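Please read through the structure below; I'll follow up with questions.
We just call them A, B, C and D in the order they show up, numbering each chain from 1.
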Amino acid sequence: MNQTLTAASPNNLIDLFQRTRARTDALVAPLCPEDMMLQSMEDASPAKWHLAHTTWFFEEFILKPHEPGYTSLDDRFAFLFNSYYVQAGPRHARDKRGLVSRPDGQAVRDYRSHVEDSLAALLSRNREDADEIARLVELGCHHEMQHQELLVTDLLHGLSFNPLMPTYKDPEPVQVTEEVPLTYTRHPGGMDEIGHAGNGFAYDCEGPRHKLYLQDFDMADRPVTNADWIAFMEDGGYRDARHWLMEGHAVATREGWQHPLYWWRQDDEWWTYTLRGPQPVALNAPVVHVSYYEAEAFARWAGARLPTEAEHEIAFRDVPIEGNLMGEAKDTGALRPLPGQGVWGDVWEWTSSDFAPYPGFRAPEGALGEYNGKFMVNQRVLRGGSCATPREQMRPTYRTFFYPHQRWQMLGLRLAKDVV
Amino acid sequence: MNQTLTAASPNNLIDLFQRTRARTDALVAPLCPEDMMLQSMEDASPAKWHLAHTTWFFEEFILKPHEPGYTSLDDRFAFLFNSYYVQAGPRHARDKRGLVSRPDGQAVRDYRSHVEDSLAALLSRNREDADEIARLVELGCHHEMQHQELLVTDLLHGLSFNPLMPTYKDPEPVQVTEEVPLTYTRHPGGMDEIGHAGNGFAYDCEGPRHKLYLQDFDMADRPVTNADWIAFMEDGGYRDARHWLMEGHAVATREGWQHPLYWWRQDDEWWTYTLRGPQPVALNAPVVHVSYYEAEAFARWAGARLPTEAEHEIAFRDVPIEGNLMGEAKDTGALRPLPGQGVWGDVWEWTSSDFAPYPGFRAPEGALGEYNGKFMVNQRVLRGGSCATPREQMRPTYRTFFYPHQRWQMLGLRLAKDVV
Amino acid sequence: MNQTLTAASPNNLIDLFQRTRARTDALVAPLCPEDMMLQSMEDASPAKWHLAHTTWFFEEFILKPHEPGYTSLDDRFAFLFNSYYVQAGPRHARDKRGLVSRPDGQAVRDYRSHVEDSLAALLSRNREDADEIARLVELGCHHEMQHQELLVTDLLHGLSFNPLMPTYKDPEPVQVTEEVPLTYTRHPGGMDEIGHAGNGFAYDCEGPRHKLYLQDFDMADRPVTNADWIAFMEDGGYRDARHWLMEGHAVATREGWQHPLYWWRQDDEWWTYTLRGPQPVALNAPVVHVSYYEAEAFARWAGARLPTEAEHEIAFRDVPIEGNLMGEAKDTGALRPLPGQGVWGDVWEWTSSDFAPYPGFRAPEGALGEYNGKFMVNQRVLRGGSCATPREQMRPTYRTFFYPHQRWQMLGLRLAKDVV
Amino acid sequence: MNQTLTAASPNNLIDLFQRTRARTDALVAPLCPEDMMLQSMEDASPAKWHLAHTTWFFEEFILKPHEPGYTSLDDRFAFLFNSYYVQAGPRHARDKRGLVSRPDGQAVRDYRSHVEDSLAALLSRNREDADEIARLVELGCHHEMQHQELLVTDLLHGLSFNPLMPTYKDPEPVQVTEEVPLTYTRHPGGMDEIGHAGNGFAYDCEGPRHKLYLQDFDMADRPVTNADWIAFMEDGGYRDARHWLMEGHAVATREGWQHPLYWWRQDDEWWTYTLRGPQPVALNAPVVHVSYYEAEAFARWAGARLPTEAEHEIAFRDVPIEGNLMGEAKDTGALRPLPGQGVWGDVWEWTSSDFAPYPGFRAPEGALGEYNGKFMVNQRVLRGGSCATPREQMRPTYRTFFYPHQRWQMLGLRLAKDVV
């Protein structure tokens, strides 16, 4: 999966593993068993499933092939907790994950402990295949961090159907800040390179690093804010078909979209439901929970466009990875976008790029080759990470991808412009 | 709702209430919090919802209107736990009940205690409206018993999606018995009467008692068994459109029905999933989990027909209410049909009768008038009760009703014939 | 199919056949080939299909089995033009009838001529099976008359999707008349009989004639009018869930029903689309194109109820068959309800009766046994005929039936009441 | 729309217009009025609608704005025959085009004549805006040629639902030829340019011409043939999820795809339905009617990949525009792929490129700006033209685009490979 061997010492690896598992535990600490069952749509999974699936990943790809005496707690878990790896065998229907009440929460925690103990034992021994094991453990940790983001956004979606609007974490109000005017930075075009190369972990789809030619472009210095978005709404942006992709307008009409997901109007003010409970929309925070269709229409309305993923990578590759991200281990962070101008964290930024293989891309052999390659159609790349992304997941070449109609992730946007 | 005042002494009433509540508690005793969240389709509800809804019924129709100082634990529960009573205010979407993780199981138990205590206090005082209260408490208990049956069948449906096939209660095997030949008893036609009258509890739709004229008919002396059903299957009964109502065959084809719900073939034997876990199909037990469409096709294949509800009532009104039913209080019974020939218990028996108002029927005023009347279209009456029906619910005039395509209840059949 | 032999002389039979075929020809005379292709939903069929299917009926059930040397114009027509007779072989998908452009209109007319000529030849010869042939020809003519009504209502539905609102026949305005107050006639209950017996044609489902016992009832002396319906609408009848069956209100909400099918509001007046083109709603004509759900809600709003089919038959069995019906041969009539109080013609009147077999009903053997029996679930009986029903189709025992949600036929209602 | 003025003399323009209109007439000459009504899915339109819509285009964008005294035959046609131009006003529902029986075929022909006569009169006069008119007429002709391709493929789809499998044009058998081995030509990468510039007609989305950097690549010298495809099928290609995009496999499974559209197995041979009627699959002709999902899976199975649109353009830009295309005026051509190795004609070739704006693309102002821009999401570019594409439509920069699941167009593929 990852192209290059991370110069991870065994100790660093064990640290990474423990930090990662601890963060998952911290994320579910505020949940009752009932919360962990919520599955509100096929795209989302119950928290309990995320706990088990990330564990299965270590079991399936490390313990089963590399630890001869390993015994699973229950052989049927492979069926229940495989997500989509065809080559790892048959799997349970994705939209029925919310109907698996047993193993219950405690049994899943036992499963986690069993796999953690077995993996610790494996890692504590000198092995000839230590490098390969290290690569797999690192991949498993990054995989679990991806699921941490999903766990959080799936949970928000699941809780949002509860008329009582429960609070997941203490409802700190967002600080009111000054509006930051929208400015752009010019980037000269020409030959350049993007994609991952060299040391350090990366997913297969981030490479090969390759040359490409770009036109000059202007990149906005901050994401689109809630205040910007309200201006679009008040200008009739959702109704005016001229701004929209034909398909986008059809979806928006059919779904009755008139504002971002989780918003409502109350006492002449916009409110939104967050993991901190219901809160007034923070005007100068980046807008979140908007689909690609909406983002694209907004950009056209604003006389701009979305950047390509190459422009995004080139514009921000030298910015240090800091911002409103999830922290280390038990520090689960703000869990909603906050006012600020940074590129890392807060919200994923839609790009206009199709999620496509880079020139020369070849998926690895075997089940792990299914990790990214088989999703390369009809999805758009997003860059920048969000408030639900662990900081150690993020790097400038990181590509995430969603369907143009999806809104439940922490999805926002940043504008770009042609130079004319 | 109930037409006549039951001569229930206050003590009997409190007994009934306590027995009923105890049975609900007993039913959920084997469940983990995750089990109580399962909602596998819109027709079914989570166990936790049943616990809360039956409690809301006492609160909404007795405590709120009749107990001036009564305070609800949470005013929003009325929205969450109203099922369909338009006149009792707006209510939560039925197909989203499985997404209400909070109040969690403990909070719902607290809600139950709060209402039980409040009702006990109310009942302990002398009141002018004692008769009306008595009628409402009795109705609330019968309502809760109806939901006990639903709780059990909804749970079975929810658990059936779990590939691990969990066992709800200890898996006692069904005793193997001799096949009982199918015989019929002749009933002379002429003027007769059906429907409830006189003392004792009954639902509104069981009356008015009224005259009607019947032709002679033959009624089978036992329900259709699994062995009978297998003969139908082996004769190509599911495929041969000549036996079927046009609409029934279309549904069976679209859904791919080739056997009753929960059956599968394993090692040359039919197996079925039950609340006692997976078990071989018991050949001489009544067939269960068949739709009206299937029952109707079976009857035509067998050269017989389904009885009308009037024929069923007249044929069995003098048979004592005994059989494989749920017992008193904490005795939750066999929970699946057992070999035997009785009419009460085991399986509900589809009749050919449309669920329609009896001549002169008038729904009561107010929200409780919505109890039965508004369901009187497209549903078929079933008679006889099932292994999931509390014994004290059952009486010869009892009409339950389901849609012709539904299968998840304990639904079976008994044959009848014209006399020619 | 028909229970009894009509004492039809051969000449009468040929007359009936010719009149019937001539009426079909007259009905399609105003249509261009494109009109005859319209299929606007699965329930409706193109005019061209009706022409061919009614012809196939004579070919399949008379010519093929009874005329040894008969050759079909095209053997594949049996597949194309069988509607639903499983025992007559496989058939084309019902919802794809509008995609059969060939045989074109002329080829279908040739098919009609071929079958007409062959049947004329058959009828002109003395035969041993003359009685059976007579019965089948008579059935085929009644079958074709049923399809004449469908042809007209399917056409109206198909044309209604054309924004140009074409006129099928010259747009005679409906005369303005005085409102007729709503009165009731009392009918004593007791033992009675309904159903067909004796001479004369009738469908299988109209018998056996059988005894039954009725309560006293009041029957309205005129159908519900458009003026009555507007009063219901203006009183918020469509919105107020208290009047509605639960399922009816769900359908009405989902479909956005706020008035009968084909109505719209224009310049403060209600208009409707008819086969005579767009016209203002005639206040004192019977309301038409309302579903059972709407009819049932209206009745409850009006403090009345729908009659049962037995009440309807008993109340009107002695009224001569006259009214706004389709005439003989080429006289296709008014084609929309007109002001008047009669029971025969104008609109079919919903009854509260499930379309069920009468006691002792047995479908005939063979494919013709599929004529009515296999529709006996989830449909409601209507009585009285409509402006699209040929007069010679009508008789007091005639039962037609539709699903509670259907509106595209000429469906209206008449009120009844319990005597209390 | 077109970026550059074609140096079209008035006479050339009139020639182009007449040739184009004559080809449309020739295409519908074999059709009966019923054929011209067929609409088999929302993606397809009736032939009659294509005739009217292409006429409306000239009326709406030339006659109405530029001919002061112009009167339409019927003002309501603008509503009926606008396809998707939001800025040209409201329009009829796309999926209901098959329900517009009137105007009938003759009335649509009258509409065509009226617009043709009016346009001829306009073009015969000297005008100041002659250049703009010329550009619009040229665009209108190219637009009509696009609809000629759609007319043909929509018709094939519509007729394919007819069990009689009608023949549109005389059923010439395809000549049997020798298999041509699959070879590749190597293309060196480096800086290059693609897109339209300079004189000659092109659509907006073909520009701006722009620089880009490519890796070396190998391009197949012939398209994938039916023989190749059968090898894929026989190797279990449709079932083996490893070859497929996840979404592609889900669609293929849901739709039951096991071969290209219109194929079936008969007497141990593959047959296909074409506009020449049913024919055996020609082994050495290019495979046609395969979706992007299938094409992509085939390529992976074959150890190759689909080319990008830039690779395709660069590889073939110097090949003269000759091949199995539709001819001039009344020459409508072979209407199905034929054995051969050419790139132009036969089948459109799927590329892996998302249909996206070229760098610097800006849609023109006004309704004509909706021509291509609003479709730029979720579609894939195809190159090369097909047997249903008029020859004078084709050029190396031409981009057509369809959704990955679509199959009813003349869609095939050609392989490419990375150089490693």
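The rule is simple: contacts are C-beta pairs under 8 Å (C-beta built on N, C-alpha and C of every residue); 3 or more make two chains touch, one makes a residue touch a chain.
Keep in mind the model is a prediction, meaning the values are calculated, not measured.
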item	value
Fitting subunit B to subunit C on CA atoms, where both chains share a sequence, rotation angle to nearest 5 degrees	180
Chain centre separation (subunit A, subunit D; CA means) in Å	38
Cα-centroid distance, subunit C relative to subunit D, in whole angstrom	46
Centre-of-Cα separation between subunit D and subunit B, whole angstrom	59
Contacts with two or more other chains, residues of subunit C listed in rising order	none
Chain contact graph, described as a line, ring, star, complete graph or other shape	ring
Touching chain combinations (by label order)	A-B, A-D, B-C, C-D
Residues of subunit D defined as touching subunit A within the complex	84, 86-87, 191, 210-215, 241-242, 244-248, 292-293, 296, 352, 354, 356-357, 359-360, 362, 374-378, 404, 418, 420
Residues on subunit B engaged by subunit A in the complex (per definition of touch)	32-38, 40, 48, 76, 79-80, 92, 96, 98-105, 158-159, 161-164, 166
